[in-house]
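Before anything else, here is the set of structures, which you'll find just below.
Each of the two complexes below includes chain A, the first together with chain B, the second together with chain C.
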Partner chain A sequence: MLLQISLNALALGAAYGLLALGFVMILNATSAVNFAHGDMVMVGAYLAIALHGVFNIPGALLLPLVMALMALLGFVFSWFAYFPLKDRPPVSVFISTIAIGIVFQNSINAVQGAEPRKGPALLGEGQLALGSLTISEQSLSIIGVALLLIVAQYYLLNRTGIGRKLRATAQDRPMAEALGIRVNRMIALTFAIGSALAGAAGLMLSNTFFTSPTDGSNYILKAYIAVTIGGWGSLPGALCGALIIALFEVVYPSLPVLIPALKEIAPLLFTQTTSTIVLYIGLLCIMFFRPQGLFGEKVQKRV
Partner chain B sequence: MGIHTNFSRNYAYVLVAALAAPAAALAQTEITLPVLVPVTGFLSLEGTSQRNGALLAIKNAPPGIKINSSVTDTGASPEGATTALERALSRGKPVAIAASMLGTQMLAMMPIALENKIPLTTVSGTADITEKQNPYVFRFFPGDAVAKAAHVRYVTEELKKKRVALVYQTTAYGQGGRAQIIEQLKKLGLTPVMEEALDVSVKDMSAVIGKVQASNPDVVMIHLHGGPSALFLKQAAAAKLNLPVVAGSGMSQPSTAALLEPAELKGVCAETNAAPLAGGSADMSNFLAQYRAEFKTEPDGFAVGQYDATSMVINAALNGAKTPEDMRKALATTSYKGLAMTYKADAKGNMANSAVIICYDDKSRTPKIAKRYD
Partner chain C sequence: MSGIAQTINWSKTGIRPLLILCVLLLAIWPFTMTSAYQIRIFTIVGIYALLSLGYQFIFGHVGALALTQGTFFGVGAYVTGILSTRYGWGGEYTLMLSVLIPIALAAMIAAPVLRLDSHYFALATLGIGQVLLLIAVAWQEVTGGSNGLSGIPALKFLGMEASKGYGIMAVVWGFVVAGAFLSWRITRGLYGAALTISRENPIAALAIGIDTAALRYAMFLLSALFAGVAGALYAHTIKVVSVEALEFPIMVACLTITVVGGRTHIAGAILGAILIINLPEWFRAMEKYYLIAYGVALLVMIVVAPLGLIGLLEQLRVKLWPEQPKQLPAASAPVPAPHAEIMTGTHGTPLLEVKDIHKRFGGVRALNGVSFSIAQGEIFGLIGPNGSGKTTMLNIITGIYRAEAGSVFLLGDNISKKPSFQIARSGVARTFQNINLVDDMTVLDNVAVARYGFEDAGLVQAASAGWHDPAWQRARANAMFILQALGVDLVANQMAGGLPYGSKRKVEIARALALEPRLLLLDEPAAGLNEGEQHDLADRLRTFAKNGLSILVIEHNMPFLMPLAQRMACLDHGELIAEGTPLEIRNNPLVIAAYLGAPEESTV
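Then we have the complex of A and B:
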């Protein structure tokens, strides 16, 4: 039971991790919160569903196409939501991303309807039996593919020239510009990568958890909390934050099943509702006592 | 929010104008009947069904009546609903309003309706809306008291189960239903062996399914919205729960069943007002065919309920109810034979006094009516 629950939490955390990574990359590059990022996850899910209807191939084969199209969308998005407003106060970008997110929601609602839809499985939807343990093929696939994408992103950012330019742009834009880096191009590329990761998360989540046009607001909240817990701007922190959220959603309310004594001691302390309350109290504690987050820098403003 | 509302209203104007055109040509009686429903937000699926039911009833209005109607999206917030209602009241003289099925929105709209003496017809299942002594509220869907009585009776009388695990939503819909289920079980001397509330954003259900298994029930009662119902059943099948599940009205929606494989629907039943996919009468079959042709989707019980509500309003107008007060009296005192049932108001405005239990097998996603409770 513990292994099964841990696996579910890991699969959920891995998908949330991709979502949070894309969110924090854009945050670092632009110093602005992209409130449409959750809606990008939803658009990625619907894109996967549409492409699956055309090609009828497993999600794993659709993934590169979904990511490529989402990267293109992210690129276009940056030219509408960010660049025209980049020299205005940050709130302008917040509002423009919210507006475009609502456009996405309503467009999908008008075209596809409000019904929840089910996306394609990455490889299969069966259950693998290992003795008394049954493991979802989709959960295993999500963990594997998410890990692959996280490693690929790490490699891109830390082992390639373009990655160094992306990081330089995120860390100190004026200095990067002074060194000849075309920062606008790097920012657009960041939007593309972030959106591609959101699309990948959308494809993965839509099979197990379905999707509907209003899902974006739920996902953006997860990304925001993951980044706040992990550390505003920290990529490892975002991953860690995403995993913590998944642990609270899956493992925490399961504790009375794993440790039956807890059910007798405090039956109301380990419900799905209290797990949310405890998570948010924890979030407040982090904000009070470690405002830089678990992995964030102590210095809040660079000179 | 503004974008939601304008978008929905604009296309709704076009749709209503197109649908109402044949009836308008022969108009003698003229009424205004705004449709204020959640077309966006977390209840957009159910709200869209409600809208479609109202629009189809307007299209099918008999000759001799002209209906001025527009659809306004209330979103998912109480403010969205009250703003829509105030705007509708300021724009004309409605004879009645087809009002949101979202309980929290209804509760916000009701004082305004009372103040302006305007009847609201709805398919909201939330118990509270007919417990406020508001004479302008008319519910065309079995309220929790009726639906949950059927729910519990089916579990205890037909399935003969006693050890109930209860999983419900944290929304007004879920909590209202839970209260009624507990009350009905209590009358039979039963208490759930396990209870858990879920927020609509909960995606992974393994924790609650683990708790259900650990409590060793012989039946699971769920009172969740459509999407979460499907999530629960899908993950319960994967976890080999192998228990009968009797669900709330969220499960009766065709779009919920469409998310699941027939094998995952084995042993699943749900309470509702009507099962249009199961047919049952020539009128219902005609409604089904027309609904599919018009909206390219499957109807659910909410669509049938709002179709009947709107048809009753139109019928009352044709019989002389031309003012809101006439309409309130007509709705409160007359009976009407609709597609789902014969509607007759009780002292609180509950029009629907019947509920059906539908069940799925493991071969298709089309349910069959297992039991009707009048």
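Then we have the complex of A and C:
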């Protein structure tokens, strides 16, 4: 039981991790919040469902195609939502990404309807029996694939020339520009990578949790909470934050199962809904006491 | 000038003739309506106009992207829905509670989220909205769950019932007019100028004694007030409250209206509401996917016309028919500040005493045990190589940074724990190395807004003043006097952003002087001034000092500083390495080493 719960939490955390990573990468490169990042997850899920309908192959094989298309979408997205506003206050980008998020949501709604849809499984939906243990095939494959993507992302950022350019652009744009890096290309590339990761998360999450056009705001909040916990702008922090959220979301509703005494005291306190409420209120508490995040370092603005 | 002549003058400036025409057309429009449906749409336009008028306070005037306006609206609607259907309460109570509960909610959530940076703030407010939505869905016994509440009665107030159709429409538009009037009163004068500088340049606002947090708080509550009224009227108009009232599309519509119309213009909220609410009517073919059009409209406006349609019209007017410059107020000297007499009464205590200040940035020691003091009427020069901690010291004195250890005393009073705006109000004024003026405000208004702390300006005062805000008129007259004293009164009517660098510096000094400070902190005041201007500035500073003002000058320009300062100190790597008369400083080997590099034998 405990193993199963932790495996589910790890799978959920890995998918959230991909979402949060993309969010932070874009945040660092542009110092603007991409509000449509949650909608990218939803678009990725619908893309996977559509492609699955055409090719009817497992999600793991669809993944490269979904990610490639999402990267292209991210690229185009940056031309509409970011570049026209890059010299304006960050709030402008926030609003423009809200605008495109609205377009995404309602376009999908127009084409697919508001009904929740189920996405393809990565490999299979069965349960694997390991002695007395049964493990969900989907959870296991999510963990595997997400780990692969996280490692690939780490490798790209830290071990390749283009990764160095990406990081330089994120850390100090004028300096990177002075060194001859084409920063606009790097930023567009960051949007592409971030969207591809969000799309991958969408594919993975849509099998277990289904997807509907209005999912975006939920996902953007998850990414945001992960980043708030982990420290604004930190990639490893975002991953940690994502894992903590997932652990909470999986463990909290199953607390009455783990501790039967709770069931008698307050059966209504441990539903999915209350879990989300508690999570958001927890977030507000973190922000109240530690605005720099749980693990973040306090930054001060230059005057 | 008589009141009528003034009113006529007022109505001819800017795009007001056009707006007045539009208001007249708008007033006639309902009488041409033939179907109940048209009346209903027009009522809903009014409700959204009210919602957006409220949203302009927080989003437009203080520039905080709150995503709670839809939530406050939904809460207002639910309060009316629940109380009127389940308990049969009348409009006197439901309307009041529909306003009070969103305000209380705003007051509660403001504490943790309002001080956050913009992106944090937006997402935090979104989170709050989601929590309330989940509660509304889950708490079926009270809210009716996802089915919502139906059968909400018509609005009854003191025995009068707002009938379906024209009745409720009149009530709604009555509130719009009242809301627009309130909004105009609050934002037109000194209080409005304080809102503008808090939005455009929060650091400068704090430096002139404006409590930006208090302004944000007030605006957040005010936006909740408008949203609560709008929500209650919405419930009475459509007779049903469901979770839709709390869902994101309402917030999206409100944001779109405000961005499309113009985020600080009253007319913008109304024009935006007319366009955005009628959009699905005009494009019926789009059915329910008009929200895509909202998204596109929002994106296009934010890229092409960030000031909204009304802002665009204003720009057009300025381009096509340039206006006569506004008449400047007659200069009048400010009434001496309350602390003026205290200043003359204290002898012996130094005016400013900085004791053993330590400040680190990560691993860098910016200041390491710095102490010095400044006497009354003294001009004190602070020098040191770049990065030696001079500006950091200024930021610590003015409370923008907090020192890890050490204290700052002003006339024996420890100010190191006080918030920045209070330090400014107790008589410490400053200028900035990288000029912090509001570019889109005139020079006169940039200086006048610094009188905020003296005029006892506030929300209530602004709302209750008559046709003119007397506080603003006094502030502008005083500002004119100060501009004259610094010799920059000729540019008073120009936008600050268009001034040459040297004039900007002088305007900043004028703004600092408008605080009637005891201590003036100048960060490289001579930078960008030619020699003549430097002489002129030095002369003026000497005169101020003779009248009792203490001045701390950070400067690299030694020909300017040496003859000006009575005493000087030199910082190097966060340590005070020398203090004395200009002559002593000039001959001090440590100072020479700090500037020119140490001789080789001592760099071991």
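Definition applied: the second predicted complex is superposed on the first by the 252 of 303 C-alpha atoms of A that agree within 3 Å, B and C clash if a C-alpha of one lies under 4 Å from a C-alpha of the other, contacts with A are read in each partner's own complex, and residues count from 1 in each chain.
The rule is simple: a residue touches a chain if its C-beta (ideal position, glycine included) is under 8 Å from a C-beta of that chain, and two chains touch if they have at least 3 such contacts.
Every value quoted in this text rests on a predicted model; they were computed, and no experiment measured them.
Enquirer: Applying the touch criterion given at the start, work out whether A:T273 contacts chain B, chain C, both or neither, answering first, second, both or neither.
Expert: both
Enquirer: Per the contact definition in the header, classify A:S212: touching chain B only (first), chain C only (second), both, or neither.
Expert: A:S212 sits against chain B, while chain C stays out of touch.
Enquirer: Who does A:T169 touch here: chain B (first), chain C (second), both, or neither?
Expert: Neither partner.
Enquirer: Which holds for A:V33: it touches chain B only (first), chain C only (second), both, or neither?
Expert: Touch status of A:V33: second partner only.
Enquirer: Once the structures are superposed on A, label A:Q153 by its partner contacts, choosing first (chain B), second (chain C), both or neither.
Expert: neither
Enquirer: Please indicate which partner A:T134 is in contact with in the superposed arrangement: first for chain B, second for chain C, both, or neither.
Expert: After superposing on A, A:T134 lies in contact with chain B but is clear of chain C.
Enquirer: Between chain B (first) and chain C (second), which, if any, makes contact with A:A99: first, second, both or neither?
Expert: Once the two structures are laid over each other on A, A:A99 reaches both partners.
Enquirer: Does chain B (first) or chain C (second) touch A:V91, or do both, or does neither?
Expert: In the superposed model, A:V91 contacts chain C only, not chain B.
Enquirer: State whether A:A110 touches chain B only (first), chain C only (second), both chains, or neither.
Expert: Both chain B and chain C are touched by A:A110.
Enquirer: Which parts of chain A are in contact with chain B and also with chain C?
Expert: 99, 102-103, 105-106, 109-110, 214, 218, 271, 273, 276
Enquirer: Quick one: in the complex, what on chain A touches chain B?
Expert: 1, 4-5, 8-9, 12, 99, 102-103, 105-106, 109-110, 113-118, 127, 134, 136, 205, 208-210, 212-214, 218, 246, 249-254, 256-257, 260, 263, 271-273, 275-276
Enquirer: Using the touch definition from the top, list the residues of chain A that touch chain C in their complex.
Expert: Residues 32-33, 35, 80-81, 84-85, 88-92, 94-96, 98-103, 105-107, 109-110, 214, 217-218, 220-221, 224-225, 228, 232, 271, 273-274, 276-277, 280-281, 283-285, 287-288, 291, 297, 300, 303 of chain A touch chain C in their complex.
Enquirer: Give the list of chain B residues in touch with chain A in this complex.
Expert: Against chain A, the touching part of chain B is residues 3-4, 7, 11, 39-42, 44-45, 47-48, 170, 196-199, 201-204, 206-208, 210-211, 213-214, 226-227, 230-231, 238-240, 255-256, 258-259, 297.
Enquirer: Considering the complex alone, what residue numbers of chain C touch chain A?
Expert: By the definition above, chain C touches chain A via 63, 65, 109, 111-113, 115-116, 118-120, 122-124, 126-128, 130-131, 134-135, 137-138, 203, 248, 252, 255, 259, 289, 291-292, 294-296, 298-299, 302-303, 306, 361-362, 391, 395, 400-401, 432.
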